[in-house]
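Structures incoming, each one as structure tokens.
Both of the next two complexes hold chain A, though its partner changes from chain B to chain C.
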Partner chain A sequence: MSMLQTVLALLRRELTLAMRRRGDVLTVLFFFVIVASLFPLGVGPDAKLLRLMGGGVVWVAALLAAMLSLGRLFANDYADGTLEQLVLSPAPPVVWITGKILAHWLVSGVPLILMAPVLGVQYGLSSEALGVLVFSLLLGTPVLSLIGAVGAALTLGLRGGGVLVSLLVLPLYIPVLIFGAGAVDGAMAGLGAEAHLSLLGSILILAFLLTPWAVSAALRISIE
Partner chain B sequence: MLEGKDLACVRGERTLFSHLNFILREGELLLVQGANGSGKTSLLRMVCGLLAPEFGDILWRGEKIGAVREGYHAEMAYFGHAPAVKEDLTAFENLDFACRLAGNPQGRDEVEGALGHLGLGHCLNLPAKSLSQGQRRRVALARMLLVKARLWILDEPLTALDQAALQLVQSLIGEHLQQGGMALLTTHQPVAIAGVEPRILKLTP
Partner chain C sequence: MMNSLNLYKYASPATFYDLAGRMIPWFYAAAALLGVAGLYIGFFLAPTDFQQSEAYRIIFIHVPASWMSMFIYVVMAIWAAIGLAFNTRLSFMMASALAPTGAMLTFVALWTGALWGRPTWGAWWVWDARLTSELILFFLYVGFMALQAAIDDPRRADRAGALIALVGVVNVPIIYFSVRWWNTLHQGASVSVSKAPSMASIMLAGMLVMAIAVWMYAIAAALSRVRSIILERERNSQWVAQLLEGKA
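Coming up: the complex of A and B.
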């Protein structure tokens, strides 16, 4: 019971902080929109081509936007000493780490999911493909936060940690990208998206079970 | 009872201290002294469990702190260099969260009382970014009062405080010890706490 209370207190604090620093949340969202809007300018206004690449473009943009938000995950808490207090709290580390990742997803992942259909419409995705896009992001963006947390914890307090975290995390994002964009493609081609979505779901379960432990170990090293 | 046995600390290539032993019993104050860079903060972080000792053990009630982590952390409060105060939250929100995190939720009146005790009663709903460094440290000290821990680990609690606050903090430590608490303290300032003869732990390489 007290574990649940810890998570709830942490969630409330993280969401209050996000509300007071709306700029951070909006930056990530605008980045997502701008990256996705650059592609038509680069490849030209061929509707057929854009429809084909729409799902993949939105997914790549979501990947990059998720990475952009990783810097905030632990760095602020580390700088002001809050992270020490979290480590020294009686709650098991995995509990509050999961709470922090959940809060990160709510603040930086959910806005992307809400914005994705708007971008998808501009690429001319069919309504079925739009549904699959949203659902694949719903399964995939938590994985981005979970895996990203490991990278953020490992690079905590390092100089140039921002660049390093991209090198660490982007290769690990590849399976999520393949199955996420693949689901949308499947729906577009009328092949169905179930296979891709179930694989994405199993990646989510695996990441949810394993990454908090890895984050806990990485934080212990970084905080020493 | 807190006990350090044959502790050694190595940072990089340098041995900061070794063969360090201490015992801290209920109602006692242990004053850690040493020059800058002698490992005072490292020792305190070690006692907290943030830093693993190179050698030796730290025992809480006769058991290694790693083995009784949850129970130990529930009874310990740490005041470090960084005050752990979030700039975007008010003093009340900061303290409310700290209490919940320690598994010891407190009402608004208790929080206001603790802040008032430290002379910050009027800052309850002010965002911490409008507080000065000294005031933020006072908020962090109010946290020590609220979480009701038995063992206080205080790293330089007297820096950045004015004369009145210096007296106040020393009397707070005195009250804590009278109630059977324990305190481990580093400071470069002279400490005078009524009725308590601090034990001194000198750190030498």
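Coming up: the complex of A and C.
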């Protein structure tokens, strides 16, 4: 099988599995919505304050939701032995790992991007800032899946894996949060978002090039 | 040839245990002597700063601690890389022995920074770029230690810890610059640590002596810790049994 075929076959499998277990996808999505709705209840309904916070709050909620969905990335396949078969398969690990991460992003990242404008409207973001928010999430959420995959692979099958993965992964998410939320802030303040979005894009490229190798090494460590 | 053979000899935990045991007193002694000298320079010889009065004297602990906290993370990552590349158990043990000392120094740096910030800036904590990245460094240390603590199989714990240390060290510059830009965009240049007035040479001397003292202490502490790790890992081996019999 060519590399592309491997990725496509894996994508089809992952998406079929996700369609069969729609609850998992929806849980993460509602978690995202609930976290974003808690902030106004915590800080008060002042429209001006909320407009200032909006971009950052949606981004923090996206970070937490992405982290919460990491458990699904390898754990089920590890439990039923699929992961071992994948490791044994002749396909290069980096290729199928990229496919799995891509599928994870499609299932858990894309719904967040689609929901984000609704939350942005609740916070009173301008229409331009809403566009920037969606675009920054489009560039940033794949990075969350890529970096998160390293943490998920390292904590495979450990007790307390869920809490542990947050400790490992959240500090590494910080640059994405800064540039993502910074892009929205820049758009709101009329400063423009290009600089932040360019940096976010370069982080995406870097993560796309490096993390599959780290994930492959981490899986070898965890499975052997 | 002889030289390289000698070095390889000390990659074995049994021989290194002995070597570390002989080195530890020297490093502790150096740390104590330099620490006393550095504190004496810092608290008695260095003049009072005309802007910050006596409060500035905390830098004699704060700056060495924060230098070493960053340096130790890099050293830890280097040991981790050596361990992954050459599959040497001792390198992994060194990496895990360094982590608690690094985390402790990071904490000291944050704590003394807060104590200094209160009289100087009027706030215990500001979201300055250096403070924030030091805090994130603390999180990275904690993550490394938590991951190793959660894994029972020492071989897997070693390798998983090494990998996260390497991922962390690649990310440190990205995190540092992102935090710096975030900071300049958000709050302007209200507080600037980087534009400190040039320092009297006696202050600099005190700080450097203290930095070497902290360095010596870190080596001694890491070596004592690695000795405990070696004993724990090798408890079923013959040489440990002989060692313990000899003591009993």
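Rule of thumb we're sticking to: the second predicted complex is superposed on the first by the 223 of 224 C-alpha atoms of A that agree within 3 Å, B and C clash if a C-alpha of one lies under 4 Å from a C-alpha of the other, contacts with A are read in each partner's own complex, and residues count from 1 in each chain.
Assume a contact is a pair of C-beta atoms (placed from the backbone, for glycine too) under 8 Å apart; a residue touches a chain by one contact, two chains touch by 3 or more.
Bear in mind that the values here come from a model prediction, so they are computed numbers and not experimental data.
Q: Let me test your reading of the model: by the given contact rule, A:S89 touches which partner, first (chain B), second (chain C), both or neither?
A: first
Q: So, does A:F32 touch the first partner chain B, the second partner chain C, both, or neither?
A: A:F32: touches no partner chain.
Q: Let me test your reading of the model: by the given contact rule, A:L158 touches which partner, first (chain B), second (chain C), both or neither?
A: It touches chain C, and chain B stays clear.
Q: Does the superposition put A:W59 against chain B (first), chain C (second), both, or neither?
A: After superposition on chain A, A:W59 lies in contact with neither partner.
Q: For A:F74, using the defined touch cut-off, is the partner it touches chain B, chain C, both, or neither? Pick first, second, both or neither.
A: Neither partner.
Q: Going by the contact rule set out at the top, does A:L17 touch chain B (first), chain C (second), both, or neither?
A: In the superposition, A:L17 touches chain B alone.
Q: Please identify the positions on chain A that touch both chain B and chain C, taking each partner from its own complex.
A: 224
Q: Quick one: in the complex, what on chain A touches chain B?
A: Against chain B, chain A makes touches at 2, 5-6, 9-10, 13, 16-17, 20-21, 79-82, 84-92, 96, 223-224.
Q: Of all residues in chain A, which touch chain C in the complex?
A: Counting only chain A, the residues touching chain C are 150, 154-155, 158-161, 164, 167-168, 170-172, 174-175, 178-179, 182, 185-186, 199, 203, 210, 214, 217-218, 221-222, 224.
Q: Which of the residues in chain C come into contact with chain A in the complex?
A: 84, 136, 139-140, 142-143, 146-147, 150-151, 156, 159-160, 163-164, 166-168, 170-171, 174-175, 178-179, 181-182, 185
Q: Mind pulling up the chain B residues that touch chain A in the complex?
A: Touch residues, chain B against chain A: 48-52, 70-71, 73-74, 76, 78, 80-89, 93, 97-98, 100-103, 105.
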